[in-house]
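Below you'll find the structure I mean.
Labels A, B and C are assigned to the chains in the order they are written; within every chain, residues are numbered from 1.
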Amino acid sequence: MPWFTDILNAVVLMCNFMIVPALSYGSQLALGALAVTLVYSVLRFANFAQGDTMAFATVVTILSTWVLQNSGISFGFMPTAILAMPIAVIACLAYVLLIDKFVYEYYRNQNSKPITIVMASVGVMFITGGIVRFVLGPSHQIFSDGARFIITTREFKEMTGLSEGLAIKTSQFLTVTIAIMLVGFVFYFLQKTKTGKAMRAYSDNENLALLSGIDPAKVVRVTWILVAVLTTIAGVLYGLDKGFMAISYHQLLLPTFAAVIVGGIGSPIGAIVGGFVISFSELTMTYAYKKFLIYLLPEALEPSGLVQFLSTEYKFAISFVILVIVLLLRPTGIFKGKVI
Amino acid sequence: MAYLSGENITAAYDYSVPILNDCSVEVNKGELAVIVGPNGAGKSTVMKVLLGMLKQSKGSVMLEGKDISKLSVQKRITLGLAFVPQTDNVFPTMTVEENLEMGAFLRTDDISKTMEEVYELFPILYERSNQLVGQLSGGQRQQAAFGRAMMTKPTVMLLDEPTAGVSPIVMDEIFGNILRLKKSGRAVLMVEQNAKQALTIADKGYVLVSGSNEHTGTGKELIADPVVRKSFLGG
Amino acid sequence: MNQYKARLFISFSMMILLLLLVGFFQSWALCLTIVNLCLISAIMALGVNIQWGYAGLFNVGIMGFAALGGMSVVLISKNSVPEALQAGGLKMFIALFILAATVAAAVYLHKKFQRKSLVILTILIGYFITRYFYSDASQSIESVNPALTGYLGGLGLPVLFSWIAGGFLAAAAAWLIGKITLGLRTDYLAIATLGISEIILAVIKNEDWMVRGVKNVTSIPRPVPYEIDLQQTAWFQDMIAKFYSKSLDILPVADQAAALKDYISEASILMVKLSYTGLFTSVLLLLIILATLALNSPWGRMIRAIRDNETAASAMGKDITKRHLQIFVIGSAIVGVAGAMLVTYDGQFTPGSYIPLRFTFLIWVMVIVGGSGNNLGSVIGGFVIWFLWIMAEPVGFWLADLSTSFLNSENFFRQHLLEHAQYIRLIFMGLVLLLVMRFSPDGILPETNKKL
């Protein structure tokens, strides 16, 4: 049944180059978007420093990884960076709390317009970007070690006898599993714990939360803790997957915001869904379908070009177009976030 | 001596002209006191001063004979004050039950008894306990707001225009609820736009104009007073 | 008011003094270069100030609008490449035409029938037809002498036209963004401008057929004479000879000719820069006059009324979104003009040099430090911050060097610090922004007519 193997090959090909990468990239975006949405709903501003803060946490991870590697510590088949992550979470938390104390707290107490705080966050973005480049420079760094693959294309081919292989990188596997666990934890926290509920209450109605005796300072602190955890993990997973480069972290801002707005600004579940909407759109639009179609179409119809909707250089454009479509058709996003 | 009283209060927002001038209100347990008056008279401001959301420049707030003027909002809430604001008085994206839990945020003891009491008082809330408050009707939402405020087991309930913007049927329902609150032994102080109805069920009434007590008396007296009738109750 | 005048006087005279110091102690050529870039920065800051100071619109995509202005310089002033036009011009034109037609049709169908399926179908068909013509055209164009051209070239018009064209191009992009996001949450505009500027840059860098992408476009024609031409012009030679007659006279006759030649070549450089200074100053003055007139017109009063109290203004029936759109388009157009001026001054278009730090962030710092809402504030902000920016690099390096001078030169820490000293500037500017926002939100020159 050659046509059947052809279909199987096509499916495997699609999984290998599109679905697996999209799942892993989508998880990374989702974690970042969740952080942005939390800051948005509790602190009420769009945090432009998100991408660069992710870079900051990743830099700390990379430095700690180097130290660990130099002292001969490793984590088996897992990347050493996973061991370094707790240190980075703490550093990132200290950093965001410091920024909150010296920058955002003032505007919060002044009841400033959200756009003023957004602007302050742009200032923070540049300072953070400066620190990141000052410490590690602007170049590309690879810091993943351990086993690179859970399963390689060759192993897969031998196992199945197909001519297409499916490779799963350790980083991709880690990304998806850690993301699922983390998102699960965040949702449990928000839905079931008293502090989590207090956060939601504060986000819903600040004044009434005060009248109910909820301490805003504590809510803000807990929010930053969650943000630091999400940001660090998102940053490290992205870096393990694609390598670290200051500018590419900065540029994650657009797809992250797009994910938040598509899902519905302020809605945690929306942020997750939005992350995957963006990642799958990006990959479906920039994937070259040539080989895929060769498997599926009769020889006479085989395509000559790459059959790619957009070249990968335009992946920002995809986030942007999705953003625009959402703003035009349903400004509240999929899960009805806050509009004004 | 009244259970809760604001005595000779003068207060201002920021540094502007005083909104309240030597204004006094009081309410006892098992009693319903109503503040009426034109828009902008300072009715909501009285509530804020009693709660400590706005500091008075003169006068004092007394609870059971103790001066609580210097205490924070949260402290006053633990002492038994509860407030249902005029607008935005629920957490719309949380369930009814979660709203009640948030009302009891400061409590460390078992809150299930209190929750049962609230559900007994407002059976509809029990039916809707897992629904988002934002999806409830206006009257039900108002009940959720009362319920949230009752979760601290307050001895005094301050209600700011509980019937604003609801239909006449719902208004009767809400007044019914307020009477039930009062019968349960609490002190209820309420600001009301529907002055006539409110004064009919009130034990005590205050007519506030430009931040000062213009008329004071029992509900019946005020309704009977021709001056009050003419200027505030529409004849 | 008097205090304001004093601030105005002091800040401008301090700035002039600083620039003169550079002239006396370093070189006049450097001084003029700084002045010219200060002028361009001031114009960009003016554009952003109109958006932020007049209407509270936060534009995080200044870079994109400046790049559009820069691109228009190439499109207007470079000569066309006939071979490329021959090879793919017509097809590219058809592709662009179909693209435009598709968008128009999609919008029309959406408005008329509200049927999403119809709109999507139209877009898909339009996309494939466009794509068919486009791939062919771009390939043929880019393969025409790729080392030198590989693009369609421009219209071959005088470069000054491109300043206007740059304004229009930026305005068009701003209109599109504004149309979509204004009237929604205020931060959507910020996010959308960030996005559009990244896309503009991606297009410029990747569509080689248009402005050569990262291969850069050099030798852009000038609006002012070339140094070589000046040096050979009789009146210029005479003028310099006269100007330096005293110092020339004391030299031995044999050396006089050589010395004069040096003077002339030095002077020609200054002369060119001065001509730019004159041009840029005229544009800046013109824009300030127009902006001030507009701000004090009934239209300007309405704009400020809206900014100070949106709720009241909308209650009075003012169409806020429409006014905001006007403001946003005007401000972006000014940024576009400045972007075109910058590329004209550089004489080359290098897409790789567009980084948000230099084009978005620095301009923001200028507006905030200068005093948002005050046009002269933007000017002084543009001057002060550009000056600091230029000076901060050597100073940062010097500080890094000095603070680690006790370490030996191979020391890892010292080397790292020296290599990365440039990023200290970034941190420093970020701190300046945050500190001014926090402790002196009015900036150097506070807005004078804050309340109506």
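The rule is simple: a residue touches a chain if its C-beta (ideal position, glycine included) is under 8 Å from a C-beta of that chain, and two chains touch if they have at least 3 such contacts.
The model shown is predicted, which means the values in this text are computed figures rather than measured ones.
Trainee: What is the touch distance from chain B to chain C, in steps?
Mentor: 2
Trainee: For the chain pairs A-B and A-C, which is connected through the larger number of C-beta pairs in contact?
Mentor: When the contacts at A-C and A-B are counted, A-C has more.
Trainee: Could you name the chain whose Cα mean is nearest to the mean of all protein Cα atoms here?
Mentor: A
Trainee: Indicate the whole-number Å distance between the mean C-alpha point of chain B and the mean C-alpha point of chain C.
Mentor: It comes to 58 Å between the two C-alpha centres.
Trainee: Roughly how far is chain A from chain C, centre to centre by C-alpha average, rounded to an integer in Å?
Mentor: 32
Trainee: Could you state the distance in Å from the CA-based centre of chain A to that of chain B?
Mentor: The computed centroid separation for chain A versus chain B comes out at 46 Å.
Trainee: Report the residues of chain B in contact with chain A in the complex, numbered from low to high.
Mentor: The touching residues are 51, 73-74, 77-78, 83, 85, 88-94, 98, 101-103, 105-106, 148, 152.
Trainee: If we count contacts the way the header does, which residues on chain A are in touch with chain B in the complex?
Mentor: 194, 197-198, 200-201, 204-205, 207-214
Trainee: Within the complex, which stretch of chain C touches chain A?
Mentor: 56, 58, 60, 127, 135, 180-181, 184-188, 190-192, 194-196, 198-199, 202-203, 205-206, 356-357, 361, 364, 368, 419-420, 423-427, 429-431, 433-434, 437-438
Trainee: In the complex of these two chains, what residues of chain A are touching chain C?
Mentor: Touching chain C: residues 45-46, 48, 103, 106, 113-116, 118-120, 122-124, 126-127, 129-131, 133-135, 137, 250-251, 253-254, 257-258, 261, 265, 305, 309, 311, 313-314, 316-317, 319-320, 323-324, 327-328, 331, 339-340 of chain A.
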